[in-house]
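What follows is a set of notes on a single structure, which appears directly below.
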């Protein structure tokens, strides 16, 4: 169903931005994985609002509680339920939106589909929904670390509007990315990006950009033919995130500018290892990882909720105007970085278990 | 599993490029839909090899047989099995590839994952695999036509390498697209695109491009929150096609160059209908269709199998060279058009049934 | 996955008998269904421990909290998360069982499968796991009441060991069943059954029996051919309950004693309605409901945890003896009645949505 | 969906009794399993009509063709499609049934649900549907043989009407069972059972019975808690077969006659192996196999289609009478034996892959 992801490491998220809380149930996690709330909290802290001066000021500690599936510090193999309470709720900010649809937001379509919506907040369309994903991915990462000790998932802000970072995907480090509040991999881009985001917030406007992600030291053999292609799973995962409008892997859209002779990645032997001398495939061939870096980009549109007057309609079907209120990110990119990494981890762990089920515990 | 797609209108495809044939089983199709082999054959003919001078010359009539699920010209509500035999097989063309991996193809990764592969052809990575999708989509289209009589799915070649078509997605017609062998929507682009593809084939090289697709007169309410977002399903569908490297919907990657105030689609009342005065959302908001045109683009890389010498390795782990043989498209774009339409139909019909199950037969 | 049930009205339960709590996430519930915690609490109260002198004395109020998916008293169409905290935990009762496997319980197999187990209680094998099912079914019943206002699901204790109740499935009422602590449908059986259960408890022994269930005023058309047969779903549902050893529908095992001429249910017209003059089919033919009463029986073995010395082995693989401790039902039957009804409701609502998706909102 | 079974070794069956044929697609089969049509044909021959004087005389060789997924005698890891053509079709036998519903058959419910049905035969309710299951199970058995070389699945006719066989589940052999056309495990029961079936056929009547099945040398650890209990999967599998009315495992319904002290299976050490000295659990505890024999029974009702006049109604809603025609089994039991074994193999292989995915390739 629509709120579950993964076939074997299967997560089911729940929760609205306002209400009792948000959370996730993970089914299919291997047993005897060391796991504590600290493991999860660390990732939630990277995602949480109020973490810096360029993100939404909503005050949520996003403290998590593991309700089940862990005993004496280890997973049991049974469902892991994780709960995060909503604390800093301000439904009053949403009073006007009860009757007016925010342009390019989910208000109208939810109302049209369901005949109702949780108008006192963003409901399931709120970025708060991604808490369950990030919490589940913290568990996924523990499993991945055991299966593939050298595997590394690293995302960063590649661009904010027209400011492009210069980043070498092969060498960029988590330290560099986490050392700045934008979470870009290019120290020189931090200043201009920060400045632009602040200007936009001051103007009641918003801005989008691109998050790039690389998976280093992935095994050969993740992914399946046809509908289970690794890039299909990644595309599904990224395009399920709020505000995403595009996904590309390897050479992506630019790859269409090359001929086959230019685009193909030649194979060569590196000792006993089959390698490619270029990586326009983005680490995936025929839907299956080939051991090179898996690299892809996701486009995030500018935040829909802005603080300037916009033309819209009311739920009673009349033309009207609306000026956004509430606490929102003028740019979702800095907080999107851990979420992109989270969805990547969830895709990888699921494919790792699928591979093991069909082909055994050895990877190509 | 990896070879099935859809939750309620569920298709399971099977078959290698060489062997007994290819086909599909459709489970969950509504009963009492008029259906004959002609309905399916028409779409298969648009996809089949040998249809024009710019596609692969493999001679396959791709004649389909409905084996089950239809009685007295109507669907029974039980599984519809469709079979297409492979006829023009030339495994001899693949002898060299038995031991050498084609660069940027699936040969190496299949071998590494499964410890075996159908080296006498492209196996499941062959474009022949898409026959099952196209056949199933012909059935899906019959269901959609009954649910939404005005719905129209239209794809065309938007670019071949750096040749870009000029197409108005709101008005382009199937007649225009089908009137040329490239299947572009811009009559002025036909000549240059055809010329380029022929040049590439003569040179033993290949070329890629972008297919654009628009869904007109879609209902409001298709799609679900979170992992069931309509754009997530479309991205999954498109990125499951052979040779795809990117997907974008509405404003896509270019949308990141706009501010929120520029990017948002203002709502207005058009009589009793809620409309937007721009459509950077691409017809989907919060994962759910809003009644505007659903429009998206898919990037196809240049065909991997080319007829010039390339560096590669052998299955015995030695550096070597390989020159492609066999019959291949120098450009998959013309044949990709019906396949993109097919996957779109499969996504829409599945979401239509999902909506009906949860919210009843009325759309927003 | 193993902790989810249903395809469209999909529940995912979680929680161990000891730990943070137990609960459920419901995905796919139709929107605009009136729902409050009272609706759920009423069913949980019928299931909870400590409700009478013949069930386990563990003191749990089993107070539920709806965490998401409900707004202003109505379902939103988004996931409904329900939480019940564990309160009266006594892990000390389980100290001995940390190292010794209870005969015919799940201790050994969990340990063997997972290499770990939540030895401080019954873990997922505890009957506490069924709280999530009962809570979800309370929601299912609200949906069913809207779809089929006259539908009635009624279960009762048909036998305790060799004491058999005399019940007319066509006329027995909820009032009769709920009027006695055994939850049997036969007032004359209440005394003997109660006496036997008390004797068993006093003796540190236990006893099982049969729960019968009837669905009255079910629509025609629930269920699907082949693997989706209604009786297959019901069997799956009932045999997923703790302590069940058998399931039969309609004539069941006794039906094998008849010839076809004796066993077949003749059709006749009752006004405009197709009826059968007998109901050995148990309301289901070809896997699909025919409008007659759906009736089936489920066998529950005697509770495994008994308070007398038994031969067993330790986790260090030595022969030993074990005498049960903790608080357990000497007979699970009285509390099994609402659980059987719950699983029945979950099966019916899922099949109702499946039917609507494929065949539209009308039933045969 | 309704025509698929299994989560990882997933089969999708299709086909009506009359029409192009019947078949199955298997998705998720491990690669490099030796497989030929002979492996499958052997099992189909045990199931096919016309095999002896006590089964339906319909003449079908049921010759199978593997269409995909096998290359050079080994599985590829890609979908295995298997086709069996229908040959000996006699729709003329069904002319009268076009308008009259056979009592206790699927005619009425299919018509009511779908508004149509394949009246020229039994459609999906025909036992021909099980061909796909048996073919898929032949593949499953090859996988199981590799995983668990000593595992043995053995079913036999335990009773025909009131004639009960005397069989020791621990020692009965395939040779004994296959040596008689009834497929019972008790040589002394062959005569009476054969005589009864022949008498029934001569009288235009029919008879049912019970099939018992034992799995010997099963590993510890197959099955999952809650909805994935091994007995729940087996019950789902068996109750999805045509004509089944009941399922029980281990002590089953009779187990309710015992107290807990009598019913529990004491553990003891047999060298390094944990064993139980009785097996009322039927080899499954807490939903997970414990290494003892897995034993269960399935009740098959007498065949619905009989050759004597019966009261029924017409599709135009009038009372009428109907006398069956066509070729049918007077007793399905002899042919049900390989089908019960087939479903058992499909359950076991799926749970084996599920276990491997979550817990690794070692069993408890």
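Letters A, B, C and D mark the chains in the order given here, with residues in each chain numbered from 1 onward.
Methods note: a contact is a pair of C-beta atoms (placed from the backbone, for glycine too) under 8 Å apart; a residue touches a chain by one contact, two chains touch by 3 or more.
Note that the coordinates shown come from a computational prediction; the quantities given were computed from them, not determined experimentally.
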- Task: Could you find the chain whose CA centre sits the greatest distance from that of subunit C?
- Result: B
- Task: Consider the two chain pairs B-D and C-D; indicate the one with the greater count of contacting C-beta pairs.
- Result: C-D
- Note on the structure: For the pair subunit C and subunit D, the C-alpha centroid-to-centroid distance in angstrom is 26
- Task: Using mean C-alpha positions as chain centres, tell me how far subunit B is from subunit D in Å, no decimals.
- Result: 39
- Query: Mind pulling the subunit B residues that touch 2 or more other chains?
  - Reply: 1-4, 7-8, 13, 28, 31, 77-78, 113-115, 123-124, 225, 354, 359
- Touching subunit D in the complex: which residues of subunit B? 1-4, 8, 10, 12-16, 19-23, 25, 27-28, 31-32, 65-69, 71, 74, 76-81, 83, 113-118, 120, 123-124
- Item | Residue numbers on subunit C that touch subunit B, as the complex places them | 7-8, 28-31, 77-78, 225, 353-354, 356-361
- Query: Which residues of subunit D touch subunit C in their complex?
  - Reply: 1-5, 7, 13, 101, 103-115, 123-125, 129, 159, 161-162, 200, 205-210, 220-221, 223-229, 231-240, 244-253, 255-269, 272, 274, 276-277, 280-282, 284-290, 299-306, 308, 310-313, 317-319, 354-355, 359, 363-364
